Amino acid sequence: MSGLTLHPMKEVRVIVSGEQRAFVTEVLDRVQASGYTIIGNVSGKGHHGVREAHFMFSEQESLVMIMAVVPETKVEPILAGLRPLFERHSGVMFVSDVAVSRREYFGTQAGS
Amino acid sequence: MSGLTLHPMKEVRVIVSGEQRAFVTEVLDRVQASGYTIIGNVSGKGHHGVREAHFMFSEQESLVMIMAVVPETKVEPILAGLRPLFERHSGVMFVSDVAVSRREYFGTQAGS
Amino acid sequence: MSGLTLHPMKEVRVIVSGEQRAFVTEVLDRVQASGYTIIGNVSGKGHHGVREAHFMFSEQESLVMIMAVVPETKVEPILAGLRPLFERHSGVMFVSDVAVSRREYFGTQAGS
(Lines give C-alpha, C1' and ligand atoms only; values in the text may rest on other atoms or scores of the structure.)
Protein backbone atom coordinates (compact mmCIF):
# COMPACT_ATOMS: atom_id res chain seq x y z
CA MET A 1 0.00 0.00 0.00
CA SER A 2 2.80 2.43 0.77
CA GLY A 3 3.58 2.70 -2.94
CA LEU A 4 0.30 4.51 -3.41
CA THR A 5 0.75 7.00 -0.59
CA LEU A 6 1.69 10.52 -1.61
CA HIS A 7 4.02 12.57 0.58
CA PRO A 8 4.23 16.38 0.50
CA MET A 9 7.58 17.78 -0.61
CA LYS A 10 8.94 20.93 -2.20
CA GLU A 11 10.01 21.18 -5.81
CA VAL A 12 12.84 23.59 -6.48
CA ARG A 13 13.48 24.70 -10.06
CA VAL A 14 16.46 26.80 -11.00
CA ILE A 15 16.93 28.35 -14.45
CA VAL A 16 20.47 29.47 -15.17
CA SER A 17 22.93 29.77 -18.00
CA GLY A 18 24.34 26.37 -18.95
CA GLU A 19 27.74 27.50 -17.66
CA GLN A 20 26.35 27.74 -14.12
CA ARG A 21 24.93 24.23 -14.13
CA ALA A 22 27.73 22.72 -12.04
CA PHE A 23 27.43 25.44 -9.40
CA VAL A 24 23.77 24.54 -8.91
CA THR A 25 24.24 20.79 -8.83
CA GLU A 26 27.10 21.19 -6.33
CA VAL A 27 24.78 23.16 -4.04
CA LEU A 28 22.19 20.37 -4.39
CA ASP A 29 24.82 17.73 -3.62
CA ARG A 30 26.06 19.73 -0.62
CA VAL A 31 22.59 19.90 0.95
CA GLN A 32 22.18 16.22 0.11
CA ALA A 33 19.28 16.62 -2.24
CA SER A 34 18.72 13.03 -3.25
CA GLY A 35 18.63 13.70 -6.97
CA TYR A 36 17.83 16.19 -9.65
CA THR A 37 16.58 16.39 -13.19
CA ILE A 38 18.04 18.70 -15.80
CA ILE A 39 16.15 19.93 -18.85
CA GLY A 40 18.36 21.28 -21.58
CA ASN A 41 17.22 22.90 -24.79
CA VAL A 42 15.70 25.77 -22.84
CA SER A 43 15.62 29.40 -23.93
CA GLY A 44 14.30 32.45 -22.22
CA LYS A 45 13.79 36.14 -22.19
CA GLY A 46 13.78 38.57 -19.30
CA HIS A 47 13.54 38.82 -16.42
CA HIS A 48 14.35 42.47 -16.29
CA GLY A 49 13.96 43.83 -12.83
CA VAL A 50 11.41 46.48 -12.10
CA ARG A 51 14.10 48.25 -10.14
CA GLU A 52 17.23 47.11 -11.86
CA ALA A 53 16.02 47.48 -15.44
CA HIS A 54 18.44 45.08 -17.04
CA PHE A 55 17.75 41.92 -18.93
CA MET A 56 18.71 38.77 -17.11
CA PHE A 57 18.81 36.53 -20.15
CA SER A 58 19.16 37.31 -23.77
CA GLU A 59 17.14 35.15 -26.14
CA GLN A 60 20.34 33.64 -27.52
CA GLU A 61 21.74 32.34 -24.27
CA SER A 62 21.72 28.59 -23.69
CA LEU A 63 19.85 27.86 -20.48
CA VAL A 64 19.18 24.82 -18.35
CA MET A 65 16.36 24.14 -15.94
CA ILE A 66 17.45 22.10 -12.94
CA MET A 67 14.70 20.51 -10.87
CA ALA A 68 15.01 18.88 -7.47
CA VAL A 69 12.38 17.56 -5.09
CA VAL A 70 13.39 17.99 -1.46
CA PRO A 71 11.93 18.08 2.05
CA GLU A 72 10.87 21.61 3.02
CA THR A 73 13.80 21.89 5.44
CA LYS A 74 16.25 21.89 2.53
CA VAL A 75 14.70 24.81 0.63
CA GLU A 76 16.37 27.55 2.67
CA PRO A 77 19.85 25.94 2.56
CA ILE A 78 19.49 25.67 -1.23
CA LEU A 79 18.47 29.35 -1.49
CA ALA A 80 21.40 30.33 0.71
CA GLY A 81 23.80 28.20 -1.33
CA LEU A 82 22.63 29.74 -4.61
CA ARG A 83 22.83 33.30 -3.36
CA PRO A 84 26.46 33.87 -4.43
CA LEU A 85 25.51 32.73 -7.93
CA PHE A 86 22.47 35.01 -8.13
CA GLU A 87 24.58 37.95 -6.89
CA ARG A 88 26.93 37.58 -9.83
CA HIS A 89 24.90 35.89 -12.57
CA SER A 90 21.44 35.81 -14.10
CA GLY A 91 19.08 33.19 -12.85
CA VAL A 92 15.75 32.53 -11.25
CA MET A 93 14.51 30.01 -8.72
CA PHE A 94 10.95 28.80 -8.19
CA VAL A 95 9.62 26.76 -5.30
CA SER A 96 6.34 24.86 -5.48
CA ASP A 97 4.43 22.16 -3.67
CA VAL A 98 4.60 18.64 -4.99
CA ALA A 99 3.69 15.20 -3.73
CA VAL A 100 5.84 12.13 -4.34
CA SER A 101 4.97 8.48 -4.23
CA ARG A 102 8.36 7.25 -3.00
CA ARG A 103 9.46 9.34 -0.06
CA GLU A 104 12.49 7.17 0.58
CA TYR A 105 14.10 8.45 -2.62
CA PHE A 106 13.92 12.09 -1.60
CA GLY A 107 15.08 12.02 2.02
CA THR A 108 12.83 12.51 5.00
CA GLN A 109 12.34 15.48 7.27
CA ALA A 110 13.64 13.44 10.19
CA GLY A 111 16.58 11.96 8.33
CA SER A 112 17.81 15.14 6.67
CA MET B 1 17.63 38.61 4.20
CA SER B 2 15.29 39.55 1.36
CA GLY B 3 17.09 37.13 -0.96
CA LEU B 4 15.79 34.25 1.12
CA THR B 5 12.20 35.40 1.27
CA LEU B 6 9.76 33.56 -0.97
CA HIS B 7 6.90 35.43 -2.60
CA PRO B 8 3.72 33.77 -3.91
CA MET B 9 3.18 34.09 -7.65
CA LYS B 10 1.39 32.23 -10.42
CA GLU B 11 3.11 30.07 -12.98
CA VAL B 12 1.47 29.97 -16.38
CA ARG B 13 2.45 27.24 -18.81
CA VAL B 14 1.22 27.17 -22.37
CA ILE B 15 1.75 24.23 -24.73
CA VAL B 16 1.24 25.06 -28.39
CA SER B 17 2.53 24.18 -31.80
CA GLY B 18 5.93 25.74 -32.44
CA GLU B 19 4.35 27.95 -35.09
CA GLN B 20 2.23 29.67 -32.44
CA ARG B 21 5.18 30.50 -30.21
CA ALA B 22 5.38 34.16 -31.25
CA PHE B 23 1.66 34.68 -30.62
CA VAL B 24 2.10 33.52 -27.03
CA THR B 25 5.24 35.52 -26.31
CA GLU B 26 3.60 38.64 -27.78
CA VAL B 27 0.69 38.20 -25.37
CA LEU B 28 3.20 37.85 -22.51
CA ASP B 29 5.04 40.97 -23.66
CA ARG B 30 1.77 42.89 -23.97
CA VAL B 31 0.73 42.13 -20.38
CA GLN B 32 4.29 42.97 -19.33
CA ALA B 33 5.17 39.56 -18.00
CA SER B 34 8.74 40.16 -16.93
CA GLY B 35 10.14 37.12 -18.69
CA TYR B 36 9.48 33.63 -19.89
CA THR B 37 11.18 30.33 -20.43
CA ILE B 38 10.63 28.16 -23.47
CA ILE B 39 11.21 24.42 -23.54
CA GLY B 40 11.57 22.97 -27.00
CA ASN B 41 11.92 19.30 -27.88
CA VAL B 42 8.41 18.66 -26.59
CA SER B 43 5.95 16.20 -28.05
CA GLY B 44 2.44 15.37 -27.06
CA LYS B 45 -0.71 13.45 -27.68
CA GLY B 46 -4.31 14.48 -27.15
CA HIS B 47 -6.01 16.32 -25.77
CA HIS B 48 -9.16 15.16 -27.45
CA GLY B 49 -12.17 16.85 -26.02
CA VAL B 50 -14.78 14.81 -24.25
CA ARG B 51 -17.37 16.76 -26.20
CA GLU B 52 -15.50 17.73 -29.29
CA ALA B 53 -13.86 14.39 -29.96
CA HIS B 54 -10.96 15.64 -32.01
CA PHE B 55 -7.27 15.36 -31.37
CA MET B 56 -5.57 18.59 -30.47
CA PHE B 57 -2.07 17.45 -31.23
CA SER B 58 -0.77 14.66 -33.37
CA GLU B 59 2.27 12.85 -32.05
CA GLN B 60 4.34 14.21 -34.93
CA GLU B 61 3.74 17.88 -34.30
CA SER B 62 6.58 19.95 -32.91
CA LEU B 63 5.45 21.62 -29.73
CA VAL B 64 6.85 24.16 -27.32
CA MET B 65 6.10 24.73 -23.67
CA ILE B 66 6.24 28.40 -22.71
CA MET B 67 6.43 29.18 -19.00
CA ALA B 68 5.99 32.53 -17.31
CA VAL B 69 5.81 33.46 -13.64
CA VAL B 70 3.52 36.42 -13.04
CA PRO B 71 1.55 38.15 -10.29
CA GLU B 72 -1.96 36.72 -9.99
CA THR B 73 -3.45 39.88 -11.50
CA LYS B 74 -1.87 39.06 -14.85
CA VAL B 75 -3.35 35.55 -15.22
CA GLU B 76 -6.70 36.67 -16.54
CA PRO B 77 -5.25 39.14 -19.08
CA ILE B 78 -3.01 36.33 -20.36
CA LEU B 79 -5.97 33.97 -20.67
CA ALA B 80 -7.95 36.66 -22.48
CA GLY B 81 -5.02 37.38 -24.79
CA LEU B 82 -4.59 33.71 -25.68
CA ARG B 83 -8.27 33.11 -26.34
CA PRO B 84 -8.12 33.99 -30.07
CA LEU B 85 -5.30 31.47 -30.46
CA PHE B 86 -7.17 28.71 -28.62
CA GLU B 87 -10.27 29.39 -30.71
CA ARG B 88 -8.37 28.68 -33.90
CA HIS B 89 -5.50 26.39 -32.89
CA SER B 90 -4.66 23.51 -30.59
CA GLY B 91 -3.16 24.35 -27.26
CA VAL B 92 -3.49 24.05 -23.54
CA MET B 93 -2.74 26.36 -20.65
CA PHE B 94 -2.05 25.41 -17.04
CA VAL B 95 -1.88 27.72 -14.05
CA SER B 96 -0.21 26.73 -10.78
CA ASP B 97 1.07 28.25 -7.57
CA VAL B 98 4.75 28.97 -7.29
CA ALA B 99 6.97 30.96 -4.96
CA VAL B 100 9.91 33.02 -6.16
CA SER B 101 12.93 34.31 -4.32
CA ARG B 102 13.34 37.52 -6.33
CA ARG B 103 10.05 39.29 -6.58
CA GLU B 104 11.57 42.32 -8.24
CA TYR B 105 12.20 40.27 -11.40
CA PHE B 106 8.58 39.28 -11.84
CA GLY B 107 6.72 42.53 -11.21
CA THR B 108 4.68 43.27 -8.13
CA GLN B 109 0.95 43.29 -7.55
CA ALA B 110 1.08 46.99 -6.84
CA GLY B 111 3.31 47.83 -9.78
CA SER B 112 1.53 45.81 -12.42
CA MET C 1 -16.82 33.50 -20.22
CA SER C 2 -16.17 29.79 -19.70
CA GLY C 3 -12.86 30.11 -21.53
CA LEU C 4 -11.54 32.22 -18.68
CA THR C 5 -12.64 29.93 -15.87
CA LEU C 6 -9.91 27.87 -14.25
CA HIS C 7 -10.68 24.36 -13.05
CA PRO C 8 -8.62 22.50 -10.44
CA MET C 9 -6.90 19.34 -11.70
CA LYS C 10 -3.87 17.24 -10.84
CA GLU C 11 -0.65 17.27 -12.82
CA VAL C 12 1.21 13.98 -12.87
CA ARG C 13 4.83 13.97 -13.95
CA VAL C 14 6.78 10.76 -14.44
CA ILE C 15 10.53 10.67 -15.08
CA VAL C 16 11.77 7.37 -16.46
CA SER C 17 14.38 5.98 -18.80
CA GLY C 18 13.44 6.58 -22.42
CA GLU C 19 12.97 2.82 -22.85
CA GLN C 20 10.07 2.87 -20.40
CA ARG C 21 8.21 5.65 -22.18
CA ALA C 22 5.69 3.37 -23.87
CA PHE C 23 4.86 1.65 -20.58
CA VAL C 24 3.92 5.00 -19.07
CA THR C 25 1.89 6.27 -22.01
CA GLU C 26 0.01 2.93 -22.15
CA VAL C 27 -0.94 3.37 -18.49
CA LEU C 28 -2.13 6.90 -19.29
CA ASP C 29 -4.13 5.64 -22.26
CA ARG C 30 -5.63 2.84 -20.16
CA VAL C 31 -6.92 5.25 -17.50
CA GLN C 32 -8.14 7.50 -20.33
CA ALA C 33 -5.97 10.45 -19.52
CA SER C 34 -7.00 12.82 -22.25
CA GLY C 35 -3.47 13.64 -23.34
CA TYR C 36 0.11 13.99 -22.28
CA THR C 37 3.21 15.98 -23.01
CA ILE C 38 6.67 14.46 -23.24
CA ILE C 39 9.87 16.39 -22.68
CA GLY C 40 12.95 14.71 -24.06
CA ASN C 41 16.50 15.90 -23.69
CA VAL C 42 16.32 15.31 -19.95
CA SER C 43 19.15 14.05 -17.77
CA GLY C 44 19.26 13.31 -14.10
CA LYS C 45 21.17 12.07 -11.13
CA GLY C 46 19.91 10.11 -8.13
CA HIS C 47 17.58 9.46 -6.62
CA HIS C 48 19.43 7.12 -4.34
CA GLY C 49 17.18 5.84 -1.61
CA VAL C 50 17.98 6.69 1.97
CA ARG C 51 17.28 3.06 2.77
CA GLU C 52 18.11 1.35 -0.44
CA ALA C 53 21.34 3.18 -1.16
CA HIS C 54 21.43 2.62 -4.89
CA PHE C 55 21.39 5.14 -7.67
CA MET C 56 18.23 5.24 -9.66
CA PHE C 57 19.66 7.02 -12.64
CA SER C 58 23.18 7.41 -13.86
CA GLU C 59 24.07 10.76 -15.38
CA GLN C 60 24.48 9.13 -18.79
CA GLU C 61 21.04 7.63 -19.05
CA SER C 62 18.58 9.16 -21.50
CA LEU C 63 15.45 10.16 -19.63
CA VAL C 64 12.05 11.48 -20.53
CA MET C 65 9.59 13.48 -18.47
CA ILE C 66 5.99 12.61 -19.23
CA MET C 67 3.35 15.05 -18.00
CA ALA C 68 -0.40 14.53 -17.86
CA VAL C 69 -3.14 16.67 -16.38
CA VAL C 70 -5.99 14.58 -15.03
CA PRO C 71 -8.95 14.77 -12.65
CA GLU C 72 -7.95 13.79 -9.11
CA THR C 73 -9.82 10.50 -9.42
CA LYS C 74 -7.32 9.27 -11.98
CA VAL C 75 -4.17 9.80 -9.87
CA GLU C 76 -4.47 6.58 -7.89
CA PRO C 77 -5.18 4.39 -10.95
CA ILE C 78 -2.08 5.89 -12.62
CA LEU C 79 0.03 5.18 -9.52
CA ALA C 80 -1.30 1.64 -9.42
CA GLY C 81 -0.64 1.14 -13.12
CA LEU C 82 2.94 2.38 -12.82
CA ARG C 83 3.74 0.25 -9.79
CA PRO C 84 5.00 -2.77 -11.79
CA LEU C 85 7.38 -0.44 -13.64
CA PHE C 86 8.71 1.15 -10.44
CA GLU C 87 9.22 -2.31 -8.91
CA ARG C 88 11.57 -3.29 -11.70
CA HIS C 89 12.98 -0.02 -13.05
CA SER C 90 14.18 3.38 -11.93
CA GLY C 91 11.71 6.21 -12.02
CA VAL C 92 9.97 8.86 -10.03
CA MET C 93 6.49 10.33 -10.10
CA PHE C 94 5.37 13.73 -8.83
CA VAL C 95 1.81 14.95 -8.35
CA SER C 96 0.94 18.62 -8.04
CA ASP C 97 -2.05 20.92 -8.19
CA VAL C 98 -2.76 22.73 -11.40
CA ALA C 99 -5.64 24.69 -12.85
CA VAL C 100 -6.71 24.44 -16.47
CA SER C 101 -8.71 26.77 -18.61
CA ARG C 102 -10.36 24.13 -20.79
CA ARG C 103 -11.75 21.41 -18.58
CA GLU C 104 -13.43 19.64 -21.47
CA TYR C 105 -10.02 18.62 -22.83
CA PHE C 106 -8.97 16.83 -19.66
CA GLY C 107 -12.06 14.82 -18.76
CA THR C 108 -14.40 15.62 -15.92
CA GLN C 109 -14.78 14.06 -12.51
CA ALA C 110 -18.29 13.00 -13.38
CA GLY C 111 -17.41 11.67 -16.82
CA SER C 112 -14.32 9.71 -15.85
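Going by the order they are written in, the chains are A, B and C; count residues from 1 in each one.
As a working rule, a contact is a pair of C-beta atoms (placed from the backbone, for glycine too) under 8 Å apart; a residue touches a chain by one contact, two chains touch by 3 or more.
Nothing here was measured: the structure is a model prediction, and the numbers come from that model.
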item	value
Those chains which touch subunit C and also touch subunit B	A
Fitted rotation between subunit A and its twin subunit B in degrees, CA, nearest 5	120
Homomeric contact subunit A-subunit C: same or different residue positions, threshold half	different
Between subunit C and subunit A, distance of the C-alpha-averaged centres to the nearest whole Å	20
Two or more partner chains touched - positions in subunit C	39, 41, 96-97
For the subunit A and subunit B complex, residues of the former touching the latter	15, 39, 41-52, 56-57, 63, 65, 75-76, 79-80, 83, 86, 92-97
For the subunit C and subunit B complex, residues of the former touching the latter	3-4, 6, 11, 25, 33-41, 69, 96-102, 104-108, 111
